[in-house]
């Protein structure tokens, strides 16, 4: 509920336009819409600056269609993650502006005008197999309004590949490091730069990687200070956090 | 090695002031100092904006004294974490400017002039027992140059305690949430605000909290998007990351 | 063995209608029926107030049919959980009164008259994907005789969705909270109300949710007092416990 | 904030006794008191029916004294858990009415008049070493107002010890089972009775009991339906939940 | 190598029928046969009283056929475990005497004459879903020569089902308890009888049963003394150990 | 309750010496004695062939004295495990016949006449540090009436130490293998002999031995068939099970 | 970057053939090639003595084809691991010299001349099911240039199978032990020989083997000194390390 | 038993100097000495090239003195690990040649002449706190006869500290990397050099380092090929394996 609405309500109480009992009831009502299986959180758009993002894994196509339609009807931007091609086909039928990032498994539709940030997010991946998670982070940050740069396949087994990219490292405002297996890349990058760094462990690996646990623990225990870690394979969360940080550096955000 | 030094070296090669072989050797030498048991990383000051921080747990007092003396001699600021009172007494003897945060177990000595940030970091703790970790975050961010505000003991079991603090939440640029037991506070705060949020699980709890594992998993799986997690009880890491993010919002950083 | 039957037996011994040896043998015999692969526990109906519930996962359709037939023949109510559509088709052929809750994957057939409770159980779910488990709890409590209310998709990432539902919270006698991912909803609800609360972690999530472990640990470590936790995805157990508690508040149970 | 207070406030707005701006501010203020290190949650007394309970492990004696004094000053009942004898001595100095349950490590001071429930909670323990946790549950339920009965040392290795106690089992409204090692007692009791059952795993055991993990898993996987589990060694939580359930069966609660 | 063979060899050395060097070589040669992918351990028959048992999971049908043929050619009894129907069809083609226990997934062919033991092994299972593992134990003990009795579906949720079976319990020499979920049955049976008891956890369960881990820990922590535990789902190992124990009670074994 | 007592009771009912109601009450009473904190299980002596064994870890000396006195008064044999020297001194004061096995931390007092078994149990330990657990097994089996032989410090790192002991291996009826670190000794012994084998993992080791978990898993996964595993450091349980098995081979047990 | 290239560059700076700025830029450029999804690490060939090895699991066939073509074009040897038959068919179409080790799931193409080592690596496997991992180690070491000998199916359950192979053990310079289930073979071999030993746990097993965790822990805790462990199922890593060690013993490596 | 001894024995049999029965007995006797609590493995000296090493943790000082005396009497070199100062004092009294490495907690006494290797082992540690484990590796390799070089405190958070040490890296034949926290150093070093690399995780760290588990998993999942891992904190094992590998490069070992 926006402050203005609350002020207006209280003034109606004052002027008698609304009884005390009515006011009490209305104070409890919040703007969300009931789809039966999911309360779409319109309020979130005001509160968080972006409508709900659809995590498609485990949702049926009809469920996804219903949520997509509802978001589109509100005139909001759309971001759906973990989308298999069938989901894309269904969304494309609803709106042919739908863009599918096949590697990152995301679908986006832009309806709102968002100014692009001046500052840049650099998304680094350790290996080829980590790219889907990296691309999810890229698309997320991009749709939210950030400029994003990629630096892929620079794992620590060949550290010179990373060391040759110092201009990319120094040109970014925030860095996202995506790595599976032992996840050591986050520590190495964290030791090279003095920027906010978000580490994303991936489930890439086998045996004692335990589906990403090894990389997760590595990143949490990083000897480089100032590394924030998100869940295994959570490219979306990393992109989201990176954008929030990146936005802080924009001139119109200064002084907030 | 600073770019200027490198440029100078290459120019000496050009002018013959330095032979090719000498240049090759010098290109490999980096500025750190050998204390026998620890290579103090002076270079870090240039690279990361702050000298090495001393993690005192597991170090002997003579070892700590040696590192402290070395940092002080360089004219740098000092931050030592996990300090028992005996460590404070030893450091105080070396330099009576030493300030001890007993709750947060930190020692600080300021020798450098750092401008205070305009933006604010808000450090929130769930329970009384989480305060030591929260204070470690507070001192860290403070010594690095950030303005810091505290909001303690607002755990989710009495959620109204948090809901009454919206002005504090909205006044901060970055938020650090420190919580043990089930660690749910991070998700609740993350759902209320649209800011970069750093979550610190603590080892507070018993039984199936497994020394902080429960809170750690809660935070990593947070349904609120954009939460970066650090290691269990790692107040230092959180303060460090929060400061890096906070600094981005300062006017003189804009456009970087 | 019912008390009356035991009394009768001992009286037969007294009057010589039954020899001591026969009595010794009969004291050991209990009323269950051998289906070859499963001893159907008729005695349970007397002891626990409901016949055996069929957990269908891992049972073949012929096995299920045999147990269903046996329960129906006894005139008991039927509850089967974790039923795929094929199971429903098989049960429907046996008895067309069979009701399938597709979301909750349950089948029910009512043959007994059970008075509906006056008090209400409120089943709350955090996200859309938690609904199957919530529905299993709903159907279980309903078939056992409780009035049940639903409140779905009110996860803590948008806590205002929950805060607007205080009348539902205050109108219930027992509350069941179903949540996956980080499972923080149980703590938040537990902090808002003074009612018995049953928490059901679900396997919804990915990465470090470790198939529900994160939510389970969160709920066990809840800082809200008085939360009872059941197994991951165990909607049936929650519905069952909620009904037992709800029944205590019925006028005819008072004084037990 | 109580409904009456809210009504009154809105009526003041209506009558002009309070400006809109003042009302907005007051709507955000909630009744808790700042002790510096802990916000004592007075509001909780209204919301949850009991003031905050003090978990003494990890708190210093001065911290405990401060909270105790505050609770006593409010005229509330006091319950402190995990108290070593030194804590008792300190509390006794503040108020000689303090009662110490040495086995259960609890301190209680009764200042309020609470009617005793008619219904009974039965607390069952498996072994001698589980008694401290059982006693914590007993004291908690007792101070909250429940009648409590004990049945100790009836572990499943000698199941006849339990089977001889059917009258105790049938006389209770709610049952709490406290067991370490393999924790099988909860399943056995759950199979014998049709009552709400709360299971408390304890850290009693060695080797692969992994400090209570074995008992915890046993109880969560109980084949008896309707078992609610609390954290390892959490006698307080079990007593609290048992009391909430027991209260439902009281005549004056019926129809709620 | 049998003692007689060694004696003979040394005597040949004494008499010059074998040179020292030849003896040294022969002392190193042991009787096994190379199938390329598996050294069939004929020696085992002498040492362990039974030829190698074929664990079929993860072996191809041609591999299984090769091993079966080799065992049959030696005139030994055959036991194959974890056999899908396709394996049975292949073995049946090799030898139509093959007997398939579909529930227990075992194949047996008897070629040797083994006297049946007088004593009995009792195999108890908790639930219907535990029967496959129980049957693997039954077939294993049977083919090795033990008399075996079954007692199925007597889990602790309805403990009277077990208590009515005291004659079966007292008539056995060794007891095998097979249980999944919380695995409490082993402790209950262990408390009722004074016999060697072998506990087999099964992977039956869901959620926090963690594929049998819960039952395994329960059994290892059993408060009943004298319970030996085997791997999760290891009916074969239990049958094997039970037979070795059972054999000790046979008159012709006495005095060994 | 002994069969004779039951028969007598039923005959009293028949002859009118006992009313039906009295019989019903008496059928529920079982012979145990209430010590306040522990129900001493006299019945156990009849059922299990040995009175309760006292696990001293976590019990206070007055508690232990009370239980010891009670067992001695009954004329039973005494076995107490995990006894520190202070416990021994206390028990010695109660009865100077008390024998302390300092290595194995056990106290025994023999009051009953038990025939020694003809067959032998062989207790094997891998390393010096495993001896306390091995000695607990030795004392347990000895006090129960078994002949016991020791074979210590024959770990697999020097496998020839074991291979030279074949006569000891072949002379035993049951074998107990006690090993920490990687616990491989159980598999090696299991491959050499065809006897019932009980494996006891110990908590000896460091790092990834995780307090005995490594040895426990090794033993549960042993490729040698017929190995029964007990809890980490559970020498008592192993001695108990070994004795039950050993007893089966005694001439007077044959045919049971 | 090779030393010669660096020297040349600096000399160009000296002679003015390259400006300081140009030199600074070129010092950052390293020789790798951008395939879009993978930076092929040519530099690795110089640094590590072998081009990148392709881990095919999780890569699409077009991705694999692209990398294979690139390696072949450079004239390097090819090693691809975890190859299903479809991958082999695709690679075979690119180059008919491709050799498929079906058991070990590897593809190799030799284009370079590598001298075979004089010393031998012995690869030992415990069971039939461990052979795929053993073969991966064999192929890896072979393609890198080592002589390799196999000794399969000599698990500790029949330890005589191993003891008869002393000449093979003593003839090798390095030993690789591959074992699943309890993994005890590594300790036994490590106790028999004084050679560098590499242990490879496999995921062979079930239940509490936890996909290789049991074998991994066994090997890490081996009481035999000097065992280096690699990841579960990592035959490639073992072959690679074994070759590096083996090469040290070659005459032309001596004195390095 | 040495080959010569065996040959001699068989010749005695041939010539009648030893009966067949005597030979059979002597073939089973192996050279170890019984200290009561520990069979000192003299045979090991022949088989493994070094006498038994004493792991002092968990052994009493009298036990250690007894083993030390025995080793000294045999004229062997002594290596004891995990020695607190009290152990050193006791050993020093037995032999004043004892050398104590206080950091590495080792005691050594050299009695044998071992040629020093020409090749060098480089022991690298990540942080100051990892030095004790690194020193254990250094002393172990040194006493076995290897030349050892140290490179300490070069963790990846300041990767330039490592990159400046290429001559040390390239001058070594084998590298040991010792690292706690996230353990990433092993991967980075492994990517820089083409040498056998042994990784030692340490228990240095806190929170989710889980006493070294994080570093262990990192090293096992290293993306650098050819890394052999030893147990957490196992400096001894690493030194031992490094020496075995280093020895292979010595001229007199070539051709083995």
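The first chain written gets the first letter, and so on, giving A, B, C, D, E, F, G and H; residue counts start at 1 in each chain.
FYI, a contact is a pair of C-beta atoms (placed from the backbone, for glycine too) under 8 Å apart; a residue touches a chain by one contact, two chains touch by 3 or more.
Computed from a predicted model, the values in this text were never measured in an experiment.
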| item | value |
| --- | --- |
| Other chains in touch with both chain C and chain G | A, B, E, F |
| Pair with more cross-chain C-beta pairs in contact, given A-G and B-G | A-G |
| D-E, B-C or F-H - pair sharing over half of the D-F contact pairs | F-H |
| Chain A and chain D, separation of their C-alpha mean positions in angstrom | 41 |
| Inter-centroid spacing, chain F versus chain E (mean Cα positions, whole Å) | 25 |
| Chain C and chain H, separation of their C-alpha mean positions in angstrom | 59 |
| For chain A, residues that touch 2 or more chains besides their own | 47, 127, 157-158, 163, 192, 207-209, 213, 216, 220-221, 225, 231-232 |
| Which chain pairs touch, all of them | A-B, A-C, A-D, A-G, A-H, B-C, B-D, B-G, B-H, C-D, C-E, C-F, D-E, D-F, E-F, E-G, E-H, F-G, F-H, G-H |
| In the complex, chain C residues that touch chain D | 47-49, 53, 118-119, 173-174, 192-198, 216, 220-221, 225-232, 236-237, 240-241, 243-246, 248-251, 253-256 |
| List of chain B residues in touch with chain H within their complex | 1, 28-30, 32, 37-39, 41, 43-44, 47, 57-59, 63, 201, 203, 211-213, 216, 231-234 |
| Residues of chain H touching chain B in the complex | 127-129, 131, 152-154, 158, 160-161, 163-164, 166, 204, 206-209 |
| Of all residues in chain A, those that touch chain H in their complex | 126-127, 155-159, 163, 181-184, 187-188, 190-192, 205, 207-210, 213-215, 217-225 |
| Chain C contact footprint on chain F (complex, rising order) | 6-7, 10-11, 13-14, 16, 20, 23-24 |
